[in-house]
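Could you have a look at this structure, given as structure tokens, before my questions?
So that you can tell them apart, the chains are marked A, B, C, D and E in the order they are listed, and the count of residues begins at 1 in each.
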Amino acid sequence: MSALDLSSLAPELALTLTGILVLLLEAFIPATRRLATPLTVAGTLIAGWLALGLAPGMSFGGQLEASGKTLIFSLVVLVSTGLTAIASEGFLRRERIPVAEYQAMILWAAVGMLLMVRAQELLTIFVCLELFSICLYALAAFHRQVSWSLEAAIKYFLMGAFVSSFVLLGIGIVYGETASTSLSDLAQSLEAGIGSRSLLTLALLLLIAGFGFKMSLVPFHAWSPDTYQGAPSPFVAFLSVAPKVASAFVMLRLLEILGSNALGDKWPQLIGILAVLSMVLGNLLALVQRDIKRMLAYSGIAHMGYVAIALARPTDTAWAPVAVYLLAYALMNAGAFAAVALLYRKAGEPSQISELAGYGYRYPVLGACLAVSMLSLGGIPPTFGFIGKYMVFLHAIENGALSLAIVGVVASLVGVFYYLRVVYTLYMKPEGETETLVLDGWGRVAALLAAAATLVLGVWPGGLLRWMFDAVAGAS
Amino acid sequence: MELAIFLIFALLALVSAVTVVAHRNPIYSTLSLVVTLAATAVLFVLLGAPFIATLQVLVYAGAIVVLFLFVIMLLNVGREETEGSVTRTGPGQRWGTVVGAGIFAGTLLAILWRTYGRESLDPLTEELVAIKPLAALLFDRYLLAFEVIGLLLLVAVVAAGIVARRPAAEKEG
Amino acid sequence: MESFLALAAGNTLTRLVLFPAVASLPLLFLRRDQVTKVYLLVVSLIEVALTFLYLGSHGGADGIFSLTRDLGPDGKPLEWIPRFGIRFDLVADGISWPLAVLAVLLVPVVLLGSWKGIEKKWPAYGASLLWLTSGVLGALFAYDLFLFYIFWEVMLVPMYLIIGVWGGERRIYAAVKFFLFTMAGSLLMLIAILWLVATYARVAGTWSFAYEDLLRLDLPLGAQMWLFAGFALAFLIKVPMFPVHTWLPDAHVEAPTGGSVILAGILLKLGTYGYLRFAMPLFPQASDAAQPLLLTLALIGILYGALVAWVQTDMKKLVAYSSVAHLGFVMLGLLAADLVAWQGALLQMINHGLSTGALFLLVGMLYDRRHTKKFEEFGGLAKPMPVFAFFLVFSTLASVGLPLLNGFVGEFMILLGAYRTTGFWAVAATFGVVLAAIYLFKMLQLTLWGPITKEENRKLPDLSLREILSLAPLAVLMLVIGVAPAAFLKPSEKALAATLTQYQERLKQTPATEARLLPQEMTAALPRGPVVVGEEVER
Amino acid sequence: MVPISWYLVLAGLLFVIGTIGALTRRNGITIFLSIELMLNSVNLVIIAYSRLLGDQLGQLVVLFVMAVAAAEAAVGLALFIAIFRHRQTIDVNRLNLMRW
Amino acid sequence: MEAQNLLWLIPALPFAGAALNGILGPKAPRWSTNAVALGAPLASLLVAVICLFDFFAQAAPRPAIEQIVYAWTTGPLSIDVAFLLDQLSAVMLFVVTFVGFLIHLYSAGYMAHEEGYQRYFVYLNLFMGSMLLLVLGNNFLVMFMGWEGVGLCSYLLIGYYYQETTPPAAGKKAFIVNRIGDFGFLAGILAIFDRFGTLEFREVFARITADGGAASGTYALGLTFASFVALCLFIGAMGKSAQIPLYVWLPDAMAGPTPVSALIHAATMVTAGVYMVARANVIYQLAPDISLFVAVIGALTAIFAATIGLAQNDIKKVLAYSTVSQLGYMFLAAGVGAYSMAIFHLGTHAFFKALLFLGSGSVIHAMSGEQDMRQMGGLRKHLPITFWTFFVGWLAIAGVPGLAGFFSKDAILAATFSANKVLWVIGLITAGITAFYMSRLVYLTFFGKFRGSHEQEHHLHESPWTMTVPLVILAVGSVVAGWIGLPPVLAEVNQFDHFLAPVIQPLDAGEHGAHHLSHTTEWILIAASVGVALAGIFLARRLYKDRGLAAEQAFSERAPGVQRLLEGKYFVDELYDRFIVRPTAWLAKMCFKVVDSLVIEGSIGVGTFLTELTGDLARFSTTGNVRNYALYFFLGVVALFWWMIL
């Protein structure tokens, strides 16, 4: 292991060390406990800065990639991480959740995701997957006073472990059939026709199912509403975004490899099926939810369906639309959950949408943030959510998946309906009798940041898009 | 000879695996799992992985499963509850499992059988059994994964600590 | 960014579009309703002034709106999302100007009309109104399909809020219905736009959303049909055309007065504007092929809207359904693809905005007094409210299409033009004129005339000066347009003629068997750049 | 020599047995045990492949899997302890506060 | 020559008067209202006179004077707002401004005590302006503007007493029925513009004459182009001039103030249809089939309305039906090609019918608003001026020789005789009936004993000078107006016919009949019509002069059916209601309730419901049991794997 190798791990190391530092400070210098969140945010920013500075290329003997693609997806994960860290602070204090451990876990989960994005080899990918999964299981359970939180964690954990064994089976078969766990070897073997076709089909299907599970695509989705509903609200901003970003990246990478048709040409169709199922079922189920967190969970399923539209055409040009969509999703979900975390005080009880009645006026800024997030989720210009949808649909149409795009818009019409429900509850329903909430600054900052970014990027996406496209097209 | 050992331990693994799944009492299930793991360890040896077999017995059967036992006894969840309709496995679940598992097993085994059939193995080589190349592999090519595993274990420790801690404990803090 | 700011600061379309939106920012800090109202009125009047300032400096000589375009320092429209060739490209010509002027003029009118009717949250109301103005102007001026789509959607949310927050009993239902109907259409339009652009990118090898570029795309009939369907559906829902009109009565009935006025005055027109600007020129063969079907729908809309309006018991609903009938006429004119008909249709868009806008204002004034819109509650109001009666009769007559008032000119020209190209349809549509009299005079009968049946009505105060001020400009315009329409027809003639020529030229060709680019000359009939900021177009 | 397919078939059978267990048992810990069984069977698959290929990488994979399993077990069991404190049960059928 | 610069003032002045009074408002002092209200039509009349002098100062055949005021529209549709003064419009111009002013004057007295005095004059001025626009317009469009304008004023004035229930309803009915006619007019205009690209009268007529295809071949509905246009225009005329089947609004229109009935619903507006047909005579000459249709409709309307008039008791209703009937005469004339005679009758009718209406107004005024003739009687003594002027009008309409009505009606009958004997018989009978019911009216009103209440009797008084002066002037007119069109048996040539000749030139001189009747035949015809008229008068005298209503009661006992049928106006209103209005209303209701609410809204509702239902059913898949979720995953994998390898 050389110095070069370590430096190529700089962002991940920064995150890991920040996590350790936070933990240690908490343990040994209790006076500094207020520093946990600022440190976390700083660590995230530093990691982002370091990631930007990474020289493109391979390290760890070709096992760790640094390229425009990985950079962009890493940054999306870091955006989600940072926003979650900010959004959580107030909530954690309020709910008496250990802050340092929580933030450290978030950071380490981010490490797992970043590495999974950059990993070039299935074994590493699996280990990273497990790394962040375990963090997520634990984080879901952090609200230990609340039975819901624990139940959410148990469900997530059991499903996760169950699915892990399938993923592992897939990796095992890939290893067996191609004598390697490296992705590039896999691609070569597929081209060369090495290995049993049906076994490899099964193996890759299992991998796709595994990452589909992390992305909560139908039919691998069912855990997400329960988990989102029970888990601490600000954490869901992370849970519902970051693992999906990393998983979508790996999924797209796998699908790119499968694009060579060595294992049949049904893969795009397969993803198309998952996309359609997710969009339709996700939206339909979100439509009938009265609990905002569950609604957002189902809507998340639908959103991954939109992402899957782009995944169904895994060409070179698919990277940017997926990344843009996920970034938009990260921002708007962060905004939504940050607001939800502030507005709903009774953990372990349903967060009924109807309770928001009149909040749009009582908490104008927060209400506006939530409304903007909702409109963005609904894909209404001039929000970044629309830009994401636009990119994904354009990619699909460009690559001959018009029918998927049409299903997508029809489904998102259903989506608009339930997002509007939140908006009209905020602004159009008469105010109910509720006690005044004391809103903490951190949460509001997070919501405001997310909503502002959603709007600004929606109005002026040009520079970002250009940068993303250049980055994706550039190195690698 | 090898065939006999294989057959015996394969049978043992299967029977104990069924017991793991079928036994009402989790303690018995856990103990059966130990048997399965041990039997598998023997097969590992047959397959030229004595180091892994050792680890299997030491770490897996010895440590992890004991942890299970420990927790089961701690929680005193000796038996699955059988009363009340809530706890019964629904017919959909049951039949879904049976059909799904049947198809999956049938397909998987058929494919495996068709792919490898009676394909014979090359004789065991020194390199496969040796530990040194394994170590080289671990600390050189797969160093990254190893480092991640390190973090993973750290995470597991911290996570388990927090999750299992009594909530009352931190209320003071 | 700097060039954008420079553009926004100058006497440009960009400033016109963005000023209302930017002016809504101080509203965040205004708490008192009275201050807000005055502020909004000032802003809206400034916008009017800016509009006329722009028209005065770039409007063009001899009473014809010239084509102007906002250009950056490099002499090209500003890049917005360069990756996809999306530009912040604002162009105004004779087709968009009349509607834009109407939109700008209606804002102070609406403010005056809502002075009392809106009782809460004025800053939010004002912000919605200003954003709506920006959206409308943007959609009218956008020359880039992506930009157009953005502005098209931007209009949606403020209107949704206006209906939903300040509306009547079933406001949420109506607001959501409005949103979903419009969204349903526009999402399909989005797909169509993307498809169109992807095809262009394939054929031309470069990305562009620019209207003038996409016009050069010659598509096979099959593709045209689908794309046309996507565009047309979005526009027809907005118009709204039978049978996708049912959101309109609900939206109108529930919307506050100002919302109704804006909705009827401007938003609906964007449907017909879009149809004229985009659906027809971009897909000439397809729109020609769909003409019989759409003519049928337009005719049904005219007659059906009138019949249904006739049996309404709610004053506002009656006016709402009358919009269906009136816009049926506009669609008839557009579908006729005849210059006279197009002139009439464009004028009729304005006319409908004026007369129906006035009617909604009047209904609102009545509602402010009596908190009901049901006919059974009225009757004999001419006695206590003669001025109100005057305006109501006046606006009704304009709406009925009485000569010497504006409505007649539009209808007459539409019918003349439509008769030339469609014959029977125009004659049948003429019958709509009869029906218009039936339902609108029923409205007069039930509100103004007859003995006063309800005691409450006996003491109703007549219109205040503020209310008269809000109605008077509309009434004056109605009269002036009716008496001397030439001055209002001339500015748009050139632009319409150019569009029509291009449309007909395209129709003469057989559609391509495979998507291809037309030579530049084919679209030369249409006004196009390059233009220097603030200077008139040289063709 | 035992053909490699026998090992693989055995592993497949163990995997399916584990799956059935995970899908039909109610006790959370039993489900977890079944999942461990599945992991173990995958280990067998990998070792068998490793033997077939004469490649040590498979052994390395199994090594990692064991570590992962250990970590999972630690967190998972902690979760069971925590939830049992709250609900006095680890029957997954009863852990259904959140649904629909 | 000033006329071509002044023409525009003629309609503009009344408009200005209306606007000014409108702005001054109801609170303005009476003198200023009067000054504007009467000054405007007077000024208009003066300008008209100047223009007419200019026009007549030209040597015959006097070329038309045209003034283009401004371009109304531009572009491919270029229509000017332009005025035309030719022989035809000169006649109309004179009638409208002169009678119009008189009625303004009369109204100043009649309406003096009404609420909304100023409003009334705003409407009336507006009407004058519109009517003059109609008359002076030099193209179909300007004519149509005026056409609709007068319709509006008619609506407003009928509904003048808006606080009552009937008048506004009657106004609405008038407007809507008129609109149905306008539908035809507009369709005609569309067809004309489509073919010739212009709407200017003289150009259109020149082109249609030159256009060989206009009168042959099939254009639409199995008609030639000329016939189609003629039919469309005639539909418009039917509405405006109250011909079968669109006459129903006119009797109801009597709900308005009486001067209005005189001006609009007798003298001017209702004759617009006749004017239009005469104006478009070129087209009608090219469409003999439609001309016959016009004649038939005219004749039928004449006799039909006359019979209804027999049984009406409301003094204004009788006059209303009489108007419908007389308009029928005019169309009869136009239909048989005697356009100038139609205009002639239009002119004379304007005088005597205005006179009659104003006279009846004077009566009603005296009776404090009572309109039922059964409550009147013997008013001769109380209202001498009214009686004598009314008397003149009566004789004029009844066709007593020497008075205006005689000459014009006789000319029409003569023209009809040479064209179509059946129509002539109908016309003749109608003349008799007319004489009868008008006499009935006079005898019931002015002769016999007073049948009203004592209070009414107490109030009886002659009207003020503003009312009686117009009566006298109109009475004079009713006598002398006919002398400008003496029949060929008395004068060498019908001067009026001759005068209009430049505008109404027979396209095919050979067919034009009336002039070729021998003097003997004409004398016989005159005798016949005079005889019929006198018979009617004397029959009525016997029945009503002294016995009042007794004879009528006896008749109704003997033939209740006939009486009811006539009194019920043949139940045409009821038929329309039953077969047109109600079905349409039903259709509208169905459109709203079934199509809109049920089908469209319903399908949307069902759509959303099904969407929500699906969602609601599907949500139960998320059971909360993690084993189920695992099973979904597992089954998903299995199913997808099978799909992949198949």
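By our rule, contacts are C-beta pairs under 8 Å (C-beta built on N, C-alpha and C of every residue); 3 or more make two chains touch, one makes a residue touch a chain.
Note that the structure is predicted; figures quoted are calculated from it, not measured.
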Any chain in contact with subunit A as well as subunit D: B, E
Pair sharing more residue contacts (C-beta pairs) when B-E is set against A-E: A-E
Maximum centroid distance from subunit E, chain identifier (CA atoms): B
Chain whose averaged C-alpha position falls nearest the assembly-wide average: C
Centre-of-Cα separation between subunit B and subunit A, whole angstrom: 30
Inter-chain centre distance, subunit B versus subunit D - centres from mean C-alpha coordinates, in Å: 5
Intercentroid distance (Cα basis), subunit E paired with subunit D, Å: 97
Averaged-CA centre spacing for the pair subunit C and subunit B, given as whole angstrom: 69
Subunit C, residues touching no fewer than two other chains: none
Residues of subunit E touching at least two other chains: 619, 622, 624-628, 630-631, 634-635, 637, 641, 645
Shared-contact residues (touching 2 or more other chains) in subunit B: 89, 93, 96-97, 100-101, 104, 108, 112, 115, 142, 145, 149, 152, 155-156, 159-160, 163
Pairs of chains found to touch, sorted by chain label: A-B, A-C, A-D, A-E, B-D, B-E, C-E, D-E
Subunit E residues touching subunit C - in the complex, by the definition given at the top: 26, 70-77, 141, 144-145, 147-149, 152, 155-156, 159, 162-165, 167-169, 172, 175-176, 179-180, 182-183, 186-187, 189-191, 193-194, 220, 584-585, 587-589, 591-592, 595-596, 600-601, 604
Residues of subunit D touching subunit A in the complex: 15, 18, 22, 28, 31-32, 35, 38-39, 42, 45-46, 48-50, 52-53, 55, 57-58, 60-61, 64-65, 68, 71-72, 75-76, 79-80, 82-83, 86-87, 90, 92, 95, 97-99
In the complex with subunit E, residue positions of subunit A that touch it: 154-155, 158-159, 162-163, 166, 198, 201-202, 205-206, 209, 213, 219-220, 222-223, 225-226, 264, 266, 270, 273, 281, 284-289, 414
Subunit E-touching residues of subunit C, taken from the complex the two chains share: 243, 246, 304, 307-308, 310-312, 339-340, 343, 380, 382-383, 386, 393, 397, 402-404, 408-409, 412-413, 415-417, 419-420, 423, 426-427, 430-431, 433-434, 437-438, 441-442, 444-445, 448-452, 484-486, 489-490, 493, 497
For the subunit A and subunit C complex, residues of the former touching the latter: 361, 375, 380-382, 386, 390, 393-394, 397-398, 402, 405-406, 409-410, 412-413, 416-417, 420, 423-424, 427-429, 460-462, 465-466, 469
